[in-house]
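Listed after this line are the structures, all set down as structure tokens.
The two complexes that follow have chain A in common; it is paired with chain B in the first and with chain C in the second.
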Partner chain A sequence: MTEVSIERLTKTFGSARAVDCISIRIADGEFISLLGPSGCGKTTTLKMIAGFEEASEGAIRFDGKDVVNVPAEKRDIGMVFQNYALFPHMTVDQNLAFGLEMRKIAKPEMRERIAKVLDMVQLGGYSDRYPNQLSGGQQQRVALARALVIEPKILLLDEPLANLDAKLREEMRVFIRDLQRRVGITTVYVTHDQAEAMTMSDRVVVMFGGRIAQIGAPSDIYERPENLEVAQFVGQVNLVKGTITAAAGAGKSRVASVFGEVAVDSRTDHAPGATVTLSLRPEAIELKAAGQGGAQGKVTARYYSGSIIDYRIALDSGETLHVQTFPNIRIAEGDRVSVHAPADGFWLLGAAK
Partner chain B sequence: MTAARRKGLGPLVLIAPAAVLLGVFLVLPYLNIVVMSFRTPGQGTPYGPGFTTGNYTKFFADSFYLLQVANTLWIGLITTAICLVVGFPVAWQLARGAMRFRALAYGLVLSPLLVGIVIRSYGWTILLGNAGLINRTLTGMGLIDRPLPLMYNALGIVIALVHVFLPFMILPIMAAIQGVDPALESAARSLGASRFTAFRRIVLPLCTPGIQAGCILVFVLSLSAYVTPSLIGGLRVKTMAVTVVDALIDTFQWPWGSALALMLSVTGALCVVIFARLTRMKWKVARP
Partner chain C sequence: MKRPVFTLYCLLVYAFLLAPILVVVGASFNAGNFLTFPPQGLSPRWYVTFFHNDVFMRAIRTSLWVAAVATVISGTIGTMAALYYVQHAGRWKEAVRIAMLAPLLLPEVLTAIALLFFVYAIGIGTTTMIGMIAGHVLITLPFVFINVSASLESFDPSWDMAARSLGADRLTRFRRIMLPLIKPGVIGGALFAFIISFDTFTISFMLKGIGTSTLPIQLFDYLRTNFTPEAAAVSTVSIVLTLVVVIVSEKVLGLRIHRF
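Right, the complex of A and B next:
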């Protein structure tokens, strides 16, 4: 298996820097996601790893060996494309055999490996079907099987679930993640869907404008976002203005805001008196009946969506909050409420770089 | 009930104008040609009384005409082959190249069709003739002593036909290539195929329908081309189309001309069928 190291990788198109000096170390067997809005350079990065796009500068090492000058077909990668890219004139069996033929694998072994991998993606009886006789989810699994049957060094996936409907997408997330764990293959996954990135990955690389904004475990990205941009991209977030009153030690600062004075986690130090922005996730907020302490406000909107309820709260101090709660509390639109936010629900944002 | 009747008649009404047009102006004349080819030659009239198979026995007895058919097929074949070889890369660039290049190239590809056929053929005469631009330039540069035989032979006809029929090869192939997802090539390469193998195993089979269409179009058009071969082939090289017109108009032998025309159609159709069989797609895209 393979360790991938991306070092100061850059891609320029004319004067535009699509990927700007990014470095990522991917451990053997790790599942890493490149997450970002369209145009952030995540797909270009993947294409450079695959060899479809030439790197302008920097190195891509598979187990220490620079592959920048190795053509795509010699990199020994398995790739899954957004639109599956199954060969329409070949059956499932022929699609899977293609990569093995290129590797001159003997017929009996070929049969064995195809059968094994089809079994793995639960498409045992489908080897004689043509791609257009399969559903979207099945085609996706064939694409996955075709990438895995060649036993590549690394698996690259380019928004593979983007064309599936919501329910199937969630099923496939779990399916791909389980499969990747079982095979133990180093995987790079490109997506613009933060939920997808977080549920599947060991680590997430958040990219904006060709640069890496943050690399970290999903919980790290969500709970300790590097800056405002990251915080907003990986989920709903309330921004609360505050003033530093004192450093509290151990990466904490005391911050005064409409929610009172609390000790807040942060990665950066701020001088007392500085105005800062705190992030507060909607699900960290607790609503109680009016007059029970905390910040006071009024419910302006309520959206019921089954497992949770979304509220918009207008605080008396002027801010608007987005709150998510379980549906077991009964608060109606127009009610006055007390808003409580625990100290560990806050995170002190650094300035965007 | 009226709705049901309307539904039943709708398609018929829609195809009626085309059907009438085809029936009156294509099928009937064709049938007439078939009948005509079995009539006897006339004395001072287009055809004589009664019916005969003589026109066909004459055709098969005289190797001159068989050779001429072979010649015509050969010219069609070479024209088609050259159009394919020259046209494919252009179609590729049109389908996959940069946008800026595309608009210009598209105009250039269509340009032969924008010039009238007679003017175009005379243009070639100016270029290819013994005292034409090419020969004079080459002689002037001292590269050749005598003019190269570029006109009044099969070579000249093929050059002119390739020029005018190239768009008919390029456009269907371009459409076919546009229908092939570029990600398929990437997929093939990620699986270990070289660029060439990816092209041969994936792209080429998928644009076969376009290649087929282009080849058939160019071949059929080449067989039936009249103006270009008659102007550039002159009296020495005659294709079947030229001979047919000679028989029908110059020598006024309608039965004989009809028989020749039919033999050209039959051999041409046969070639197309054989070609379609040989290049038949081995895969069928089954319905889901």
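Right, the complex of A and C next:
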């Protein structure tokens, strides 16, 4: 199918650089998410890939061929919009047939392909409904079917789940991901929801202010964030000050902090004596009863939310920690605790660029 | 307001709006020789007279013809202008809007006189119907423009993008996506245009050529010298014609858009 290569792609609106020299290589069949806060240029990037927005600089290649000068209607892309953009005056069937008619597909084959794709999105009996006779989730699946039925080179989705309620959103994540795997289509997915990007993607592209902050597998982004900004965007994080004591080899440094001296993973090298910031994910921390080693502190708040409990801990050394544990430990607000953090729970953050 | 009071109020408003029409219709079935209400005996005789009156028949044909031509031209230009206004006018938007609505804001007689000067200045004069039709197009244009731009404002640009991504070129997108979705606005505007053109007096009076006459002008001429119930019959027929146009276009073209 199709490999997409984005090279030094830039979009300027007047003097503002909405997308600033980004390069991404998307492998055939890969599911890539563009993740970032509002206004960071995700939609603009997607529109340039689709051909709705002209690139100011740079190249977009589908299988090596530059498509920058190919109009959107000739790029052979399937697009799913946040508001679905189903044609309200056409039935589900007519919506799906539209793209096939444009490709001059013969009637029998058309029928067959529509039936097949409707089956895939589990909307077999709905072909005569108008969009306003469908629920949000069903409209979403019709939009997906309409994009897929033309068997496009790539599938582009712009926050397709933003208008659905929380439960349906989680169902649709899995649904879209499974469908994408089965069809094997190269996919670019735009979202500002980190959990969505994490669960669905092969790789995540984190963007801030029109630039790429990091590209990597979800676990990479989460466990080895490029900088503080990325770490904070993809989840909750505790920041712990430390001092480098020695390089430990193999991308590790020895760092002294309130949790003692540990060998910490890092991407960058630091000279001994340098002051650094360590990130420590809330779920990596272990709480034990007071006096069992580790850093000492006191529980200042406890929030129960079913599958996990959130604790706020005030360490005796002055720092505040955010801790998440399974609800099977019985530690109450006001208790004194020992706080343990394993060496592999830390990550040495690079400075933000 | 209490319910009965409100009902009474509504009835009064309706009476105020519809009573003149009822009086005209009633008077048209007058058996007597003069235009009076209540009628002195019922008879369709004035309709018979009217339908045998060649002058009126010619006027009614002219009116229908002019209205149809003006509606087609005004519908096309008005729709195109609305498209430009909503999608491409950019910073000229307000200027375009005011220019398009100008015929509605200016006194009709002013537009008529200006146009009369114009047709003589460029040498076509009033020997043909071109001047009059131009006038009708001018005064009906704002109605098409208002209706179509209103329906275009609610046209979601992502519909167009979706159609593009599915491979539709510009013309196909206009024909298959945009036009069906703005149809209520176009038809609504065209209906307004037809009715206003059929009904207008000032523009026609100034710009009609010698020897041609539209229905409102013919009626005015007639009433200057006669005062028979035939005038009421003429009015009734013109009311019925207007209704027929509205109902037929509603049924055939569908004013309500599909099912949303």
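The definition used in the following text is that the second predicted complex is superposed on the first by the 353 of 353 C-alpha atoms of A that agree within 3 Å, B and C clash if a C-alpha of one lies under 4 Å from a C-alpha of the other, contacts with A are read in each partner's own complex, and residues count from 1 in each chain.
Keep in mind that, in the parts below, a contact is a pair of C-beta atoms (placed from the backbone, for glycine too) under 8 Å apart; a residue touches a chain by one contact, two chains touch by 3 or more.
Keep in mind it's a predicted model, so treat the numbers as computed, not measured.
With chain A as the common reference, the superposed partners chain B and chain C clash.
Once the two complexes are laid over each other on the shared chain, residue contacts for A:Ile150 go to chain B and to chain C alike. Judged by the touch definition given at the top, the superposed model places A:Phe98 against both chain B and chain C. Look at A:Pro225: by the touch rule set out above, it reaches neither chain B nor chain C. Across the superposed pair, chain B and chain C both touch chain A at residues 50-52, 71-74, 76-79, 81, 83, 85-89, 98-99, 102-103, 130, 132-133, 146-147, 150. Only residues 181, 183-184, 186-194, 197, 201-202, 205-206, 281, 283, 285-288 of chain B touch chain A when the two sit together in their complex.
Those residues of chain A whose C-beta lies close enough to touch chain C in the complex are 50-52, 71-79, 81, 83, 85-89, 98-99, 102-103, 130-133, 146-147, 150. Chain C meets chain A in the complex at residues 156, 158-159, 161-169, 172, 176-177, 180-181, 257-260.
Taken together, the chain A residues at the contact with chain B in this complex read 50-52, 71-74, 76-79, 81-83, 85-90, 98-99, 102-103, 130, 132-134, 146-147, 150, 156.
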